Structures are given as structure tokens and as C-alpha cells.
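When the chains are written out, they are named A, B and C in that same order, and each has its own residue count from 1.
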Amino acid sequence: MHTLGELARILDAELVGGDANQPVDGMGTIQSATATQMTFLANPRYRSYLEQTRAAVVLLQEDQREFCPVPALIVKDPYLSFAKASALFEVAPQAQPGIHPAAVVADSAVVAATASIGPNAVIDADAQIGEGAVVMANAVIGAGSIIGENCRIWPNVTIYHGVTVGPRTIIHANSVLGADGFGFAFNGAGWTKVHQVGGVRIGADVEIGAGTTIDRGAIDDTVIGNGAILDNQIQVAHNVIIGDHTALAGKVGIAGSSKIGSYCLLGGAVGVSGHIEICDKVQVLGMTLVSSSITKPGTYGSALPADEQRRYQKNVARFRNLDDLARRVRKLERLSD
Amino acid sequence: MHTLGELARILDAELVGGDANQPVDGMGTIQSATATQMTFLANPRYRSYLEQTRAAVVLLQEDQREFCPVPALIVKDPYLSFAKASALFEVAPQAQPGIHPAAVVADSAVVAATASIGPNAVIDADAQIGEGAVVMANAVIGAGSIIGENCRIWPNVTIYHGVTVGPRTIIHANSVLGADGFGFAFNGAGWTKVHQVGGVRIGADVEIGAGTTIDRGAIDDTVIGNGAILDNQIQVAHNVIIGDHTALAGKVGIAGSSKIGSYCLLGGAVGVSGHIEICDKVQVLGMTLVSSSITKPGTYGSALPADEQRRYQKNVARFRNLDDLARRVRKLERLSD
Amino acid sequence: MHTLGELARILDAELVGGDANQPVDGMGTIQSATATQMTFLANPRYRSYLEQTRAAVVLLQEDQREFCPVPALIVKDPYLSFAKASALFEVAPQAQPGIHPAAVVADSAVVAATASIGPNAVIDADAQIGEGAVVMANAVIGAGSIIGENCRIWPNVTIYHGVTVGPRTIIHANSVLGADGFGFAFNGAGWTKVHQVGGVRIGADVEIGAGTTIDRGAIDDTVIGNGAILDNQIQVAHNVIIGDHTALAGKVGIAGSSKIGSYCLLGGAVGVSGHIEICDKVQVLGMTLVSSSITKPGTYGSALPADEQRRYQKNVARFRNLDDLARRVRKLERLSD
């Protein structure tokens, strides 16, 4: 429970038309917010919703103030202010410091006094769990791995040996850090495994979604930069390097040894081939294949969008003969010269 | 063990050419079924197999009756009847009611008397597990979440706090319900997390495959309709709404706030962009990108099919200049006017 | 710790320019290797790195010998020799034989004396764990499933009932073997489940990555051949058959009942439709859709590569009218006859 006055102070906002003592106990959308919930208007196209909102308070820009029928908090970037305020209304349960009696912690592991180790979590030999870190139920932390201060490791996460996770990083459920990279040498009859002796280094303030896998390096480490955000079901192969503050949407796959710059945005299910580089500030649209290096900031795409089956199939058939079509056009051009 | 007579009664079928007391102890394909196994013929193209089958009994349509060398059960829809009968021969082990001594159940959790909680499962504070529900080994049910009657939660599933699962729903191993949606506001230097305070609501009679992730809503809930069926490794982002009886094949990804209608069929690895709508009864072919709303029932596609490398590479090179080719054709048309 | 002499003997290599007693304690890249680490030169293009390496010893071919400033081990295939040597420097912790007190093993399960069962692992009724096999923390082995000798099952893996895993196979964390295939019959109003009574058979010397799912068969088994290697987040649907020594890169998806030959290489995120066959020795490039059978060995592709947004969008718009463009070219050809 927070008051409008507290919100104004925390967000460095001007409170308009409201009582500073009025309580706010949650968040809602501009359509659904109740009289005790905060909401925001980021997109002026939703002004009609603003005019009908019943929220306790709306975060909005100065120029929308006149259209707001309820108290408003005037800010420069309503969505960013909303993000800041959202931490006040988090619904995830608080973890209790201490080691649950059903956890299994190796004698040589070092667990900070304020850390929380959940039931059936397993902390292997020589692992280190930092102050305020939370390792939730049934998660496994491998031998010698280091979990930084105030990290949160959700249930059923598996962290192998030799993985380092920076402070305040969040790893969602059932993700896997440090499994063997996919390294094999063909021996004429089959595959000889290249044992993967590198590790994984995750920066500070990273968020990793559920069901994401980040392999250990073959020799050197796989590296995720500070402040990077990774969605669910992402695959990061061995020796990939991802720059600071880069955002990867769900189902992105990055093959071995590729390097992604800082402040990049990769859309859903983008695939990046191995051994290439993407420079800083590159945006890639969803389902694109990046098969060669990108050296110039900008936006890139490759996926064809859905079409009605009949037209789709006709066009696909033509695509299979596109080279032939181009040759025929060249021939016509020669004739017309 | 069931008899032909029992099967005829359960399936409302006519038994032809067999002894009602003959026992059936399992299922086989029309090629592999043994003399004590049931099979079916759904596709008339397999009639040659029918003529050679050694099955105990074949589920088939009236018009195939004359070609069946063994007892037959005459039904309207053999595959559907086979589906109904398959429940009789399920090989999954029955769960025993009760809480395994190695499970960890919070004092405030409510577990029905006929529910089964497996070893090392963790049931957090205020969670509710319905009558006949089965939570298997090493699964985790978060604080306040509700698992309906006769649900089955397979091992290593993670259900976060604030998730509701309707009755008779099946969730396969290592799936994750309720992880944080991918919501962040750019703050000029990096990303500020938008805390995700919505929940997840899963309908009744839903089946969710292994390794699937369904994120909690940012503010409102993420919703999966009644009778929807989701295969493995599907990603459902925050605030997605999926209609009743819609089927999603493996590896489908749906970005945030999109709405899929009822009775839709999305093929493998289909990608759906965020903030769009797909109406009822839409079928999307595998690996298609749906990047804008679909308002008309029908079948849609976009993926190019495999071709031999040489032709593929030539056509790809031509595609990169397709706009130029079209302009050249336009020029030729003008010349020929 | 191994000496150059031991390495030469194990790899059947000629030691050049070094002391056979010199110790080697690890592996490095040709750029990063220290004076006590082994490295290799597989690609002659990296000769400049060779000339500056500080490694203890370099695995290389005869023709690179003269450019090596440090001791060398002369071999025919440096990468394969490096793979063999890498086993000597594995960093994964050794498992201790025996059943951890926090494991839960059913009375009817059979665990070999030299097997290792980790904390909170669950071994269900009638399961069998072979000699030297390792089932790590929080993994679950279902009723009646068989884990071969010297297998390694990493944490949080779920193996359902009725799954057989051949000897020396490695299954990485959070993978799922034996979940129900996606089988449903439409009943006019919704979906009737086809209970999946087949199993999964994994061959010998297989490696399966993290977060991979391999469904049980509907009636017959799903089969992975000997020596096959599967990367992370692969989806193998029910009744798929994968040949010996085939390699599947990350995020490959294979729909139901398809058959992949031996010695195939499927690139990242390749999708294979259901009920088709791919013959032996087929290579498929990343993100390709294989929607019909391939009967001829060779290399196949279909994905378009990334382009700058403006050009990409123009070409996409032209693709939507490609059939029309082809018709217009045909008309011009007729005019020019």
C-alpha cells in the first residue's frame, strides 16, 4: 500500500488533482484499473480510454493532463515511470533467509547468511551463494559455481559446475546454464566428443527467461554482458558473447562462437549462424536468419509473412524457378535493346 | 484386459465375426498388432495392410468390413473410436493418493484427500490441490496457485504463484507456467523491469506438452481456453489469450498480448507477432510467420520449402534483387505498349 | 596432469621439439593457451596465431610443423586428436558411486552397485540403473525405465515410464524423454486424447542436449539410433526414427512419424514435417523447412538471409505478387515471339 504522495516522490512526478494521502494498492490497465489502482498512458492513441478510466491515478505526460478525469502524476516517460513504480506492487512471494531443512548443501559450499535456499534445492561442493541471493525449490547449483548477491534463481533451474552469475541477476524456472556445448569431431565412423572445459559468465543485472539454455564454452567461456535481457526458450551455444544491455526475444537461437554487440534487439525466433558478428545497436525482426556478419547499425529482416494458402503456394512454386525467371527477363531486355 | 464384447459396448460398435468373450490386452498398428491387440483402419489407402492384419480386432467403417480377415468393430469414425478405446490401455503408472513423505507441503496449502503428491514435490503457501489431482516428483506449485480436480502435473514442472489450472488438465514434464513476462522499459542506459503482477489462467481439459512456457500477465492474466491442446516447447508470452479447443503444434511461439481464436490449428514452429488477432478456425502451416491480424477463417502459410543447395542459393540471390526485377519487367511492359 | 610423452602415446603422435616429461594441465585456444596448456591448429588460416602461440604443445599436421615456435604433436587430424585428448582434461566433477541419502529409490528399482544416484533424484518402481551410470540431482527416472551402463543423466532431467537408454549415453539437464506424443482425434466439439502407449528407445553412445524433448510413441516406439548427437531444445515427436550417427543442431523440430537417415546433419532450427523420410547423408542448412521426403544425399536449404529493412520489405511486397510477375513475363515473351 502506497499513497499518491509517496508515488509522486518516488517517481519525481507532479501530482495533479489528487489527495497526497489517497492509497494505491496495485496496478491495472487503463481500461481495467479500479479506484485503488495506478495505471499509465504511454500511447496517445489510447486517449479515449483515458477519458473513461476509473483508476486511482494515471501516469501521463503533461500534454495529456487535460483529458484525465482522475488524479494524474505528470512524468516525462510514463512507461518508464510505470516500470519503476511496478516494483512497489510486486506479487512474488518474499523469500525467507536461511537454508530450508529439505535443501542439500555440500559441506564445502559457502552460503551467505542472508541468502535463501529453498526446499530440495541442491548446492554442490565449493559453490558460493551471495548475500541476499535466493535459490528456489528444486534448483541445482553445480560444483564451484558462484551466484552473486541478490540474485534470484527460480525453481528447477540447473546451473552446472564452473558458472559465474553476477549480482542482481534473475534466472527463471527450468533454465540451464553450463551444459556442454555441441562440440564433436568426426572420426570416420561416428563422433568423438570434444569435452567442454570452458565455463559461463553471466553479468550483473541480467534477466534470463524460463527454459533458456546457455552452454559452457569449449575452451574459453560463454559470456552474457551486464544488463542483457533474455526471454524464454533461447538457445545460446558455446563461446557466444552477448554485449551489455542487448535484448533477445523468445526462442532466439545463437550458434557457436558468434558475437552480438551491445544494445541490440533480436526479435522472436531469430536465428544467428555460428562464427559471425553483429555490431552494436542492430535490430533484427522476428524469425530472421542472420547468416553473415552485420557491421552497420540498423534494422534487418528476412522472414516472409503469412499469406492465403492458394496465393502462398503459387508464389512458392514461382520462387523455385526465380533464377530462371530472372534469366528470361534478361533475355527479353536483350531483345528489346 | 477387456473383451471384444466390452469394447463393442463402450464404443457403441457392432462386433462382426468375433467372439464377444475374446480378450484384448493392448493396442498395435495395423501392421504390428498381435492376436491379442486391437487396431484400427482410418485411411482406406492402407487396405492392403488390413487384408494381412493379425490383430484381435480392427476398428473400421462399414465399407471396409468385407476386407477384414479378423473380427471387426464397425464404427463411424475409426480414429476417434480408437482414441476413446486407447484410455483402456494406458500404460502410465497409476498415482497413489496421499502425500509422499519426501514431498514438502506448506502448512497453509490445502491438498485434497484423494490428491497425490509425489516425492520431492514442493507445494508452497496457500496453494490448493484438487480432488484426484496428481503432482508428480520434483514438481513445484507456487504460492496461492490452484490445481483443479483430476489434473496431472508431471515431474519437474514449475508453476509460479498466482496460477490457476482448470480441472482434468495435463501438464507435461519441465513446463513452466507463470514466469515473468518479458516486460522492460528502456531508461536511456539500460532496461528497467516492469514487474509482472498478472497471473495465468488455464482452462479445463487442457493438455500442455513438455518444456512449454506460459508467462504470467504484465497486469491482466494470460489465458488458455478450455480444451486447448499445446504440444512441446511452445512459448506463450504475457497477456496472450488462446481460444477454446485451439491446437498448437510443437515449437509455436506467440508474442505478447496476441489473441488466437477458437478451433485454430497452428503448425509446428509457427511464430505469431505481438498485439495481433487471429480469428476462429484459422489454420496456419508450419514455420509460418503471422505478423499481422488474420480476420478470415482459412489456411495460411509463408515458409519456403527445402530445395537443393545450388538452386536454393541462386534463387536466394535473385530474391535479394526481386524489387529490381519487378521494375525491369514494368519497364519492358512500357516499351511493349 | 599429463606429460607430453603421455599425450604422444595416447594420440599416437610424433612429439617434435619438446621434452617428453614436460607437464600439461589443461587446454587453451591457440591464442589463449598458457605454457602449461595444450592447443591445436586445425585451420591453416590461423597460422599467424600459431607463430605467436605460447602453448605447451600444439597438435598439428606435418605441413605446419615448421611454423610452430613451441613443441608440437604431429597428427593426421588435429581436431580429432584434440577431441580425444580433451577427455583427459574434463572439468566436470566425478560422481561418487552409491545412492545419496536424499534420493528416493523405489523398493522394486534395481540400482547397480557402481551407479551413482544424486540428492533428490527419484527412481520409480521397477526402473533399472546400470553399472557406472550417474543419475544426478533432482532427475526423475520413471517406472520400468532402463538406464544403460555408464550413462550420465544430468540434473532435472525427466524420463517417463517405459524408456530405454543405451550404454554410455549422456542426457543434459532438463531434457524430457517419453512425454506423451501429440495425438488427439477431433470429436466434433473438441479433442479426444489418443493415449500414447509406445515407448522411447535411445541407442548407445548418444548425446542429448539440454531442454530437448523426445516424445513416446503412440503405439510403436520413438527411436534414436546409436551414436546420434542432439543439441539443445530439439523437439522429436512421437514415432520419429533417427538413424545412427546423425547430428541435429539446436532447436531442430521433427514432426510425428518422420524418419531421418544415418549420417545426416540438420542445422539449427530446421523443421521437418510429419510422415516424411530423409535418406542417409543429407545435410540441411539452418532454419530450412523440409516439408517433403528427400531421397538423394546432398545439401538442402530454404531460409532467406537477413537484409536491410527497406530492401527486405520491398522484396517481400514483390514476393506477394510473384505469381503475377511471372505471368506478366510470360505475356511479354509471347509478345516478343
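Definition applied: a residue touches a chain if its C-beta (ideal position, glycine included) is under 8 Å from a C-beta of that chain, and two chains touch if they have at least 3 such contacts.
What you are looking at is a predicted structure, and each value in this text was computed from that prediction instead of being measured.
**Q** Which chains does subunit B share as contact partners with subunit C?
**A** A
**Q** How many degrees of rotation map subunit A onto its copy subunit B on CA atoms, rounded to the nearest 5?
**A** Angle of the fitting rotation, subunit A to subunit B: 120 degrees.
**Q** Pick same or different for copies subunit A and subunit C, depending on whether their interface residues overlap by over half.
**A** Counting shared over all numbers used gives less than one half: different.
**Q** As a quick test, compute the distance in whole Å between the mean CA positions of subunit A and subunit C.
**A** It comes to 25 Å between the two C-alpha centres.
**Q** Which subunit A residues sit where two or more other chains touch them?
**A** If we look for residues of subunit A contacting two or more partner chains, we find 120, 138, 156, 174, 211, 233, 251, 269, 303-305, 307, 319, 321-322, 325, 329, 332, 336.
**Q** Which of the residues in subunit B come into contact with subunit A in the complex?
**A** Touch list, subunit B to subunit A: 104, 120, 122, 124-125, 138, 140, 142-143, 156-158, 160-162, 174-176, 179-180, 182-187, 189-195, 197, 211, 213, 215, 219-220, 233, 235, 237, 251, 253, 255, 269, 271, 273, 284-285, 288-292, 294, 298-305, 307, 311, 314-315, 317-319, 321-322, 325, 328-329, 332, 335-336.
**Q** Quick check: in the complex, which residue numbers of subunit A touch subunit B?
**A** 26-29, 32, 77, 79-80, 82-84, 86-87, 89-93, 100, 102, 118-120, 136-138, 154-156, 170, 172-174, 205, 207, 209-211, 227, 229, 231-233, 244-245, 247, 249-251, 268-269, 286-287, 303-309, 312-313, 316, 319-323, 325-326, 329, 332-333, 336
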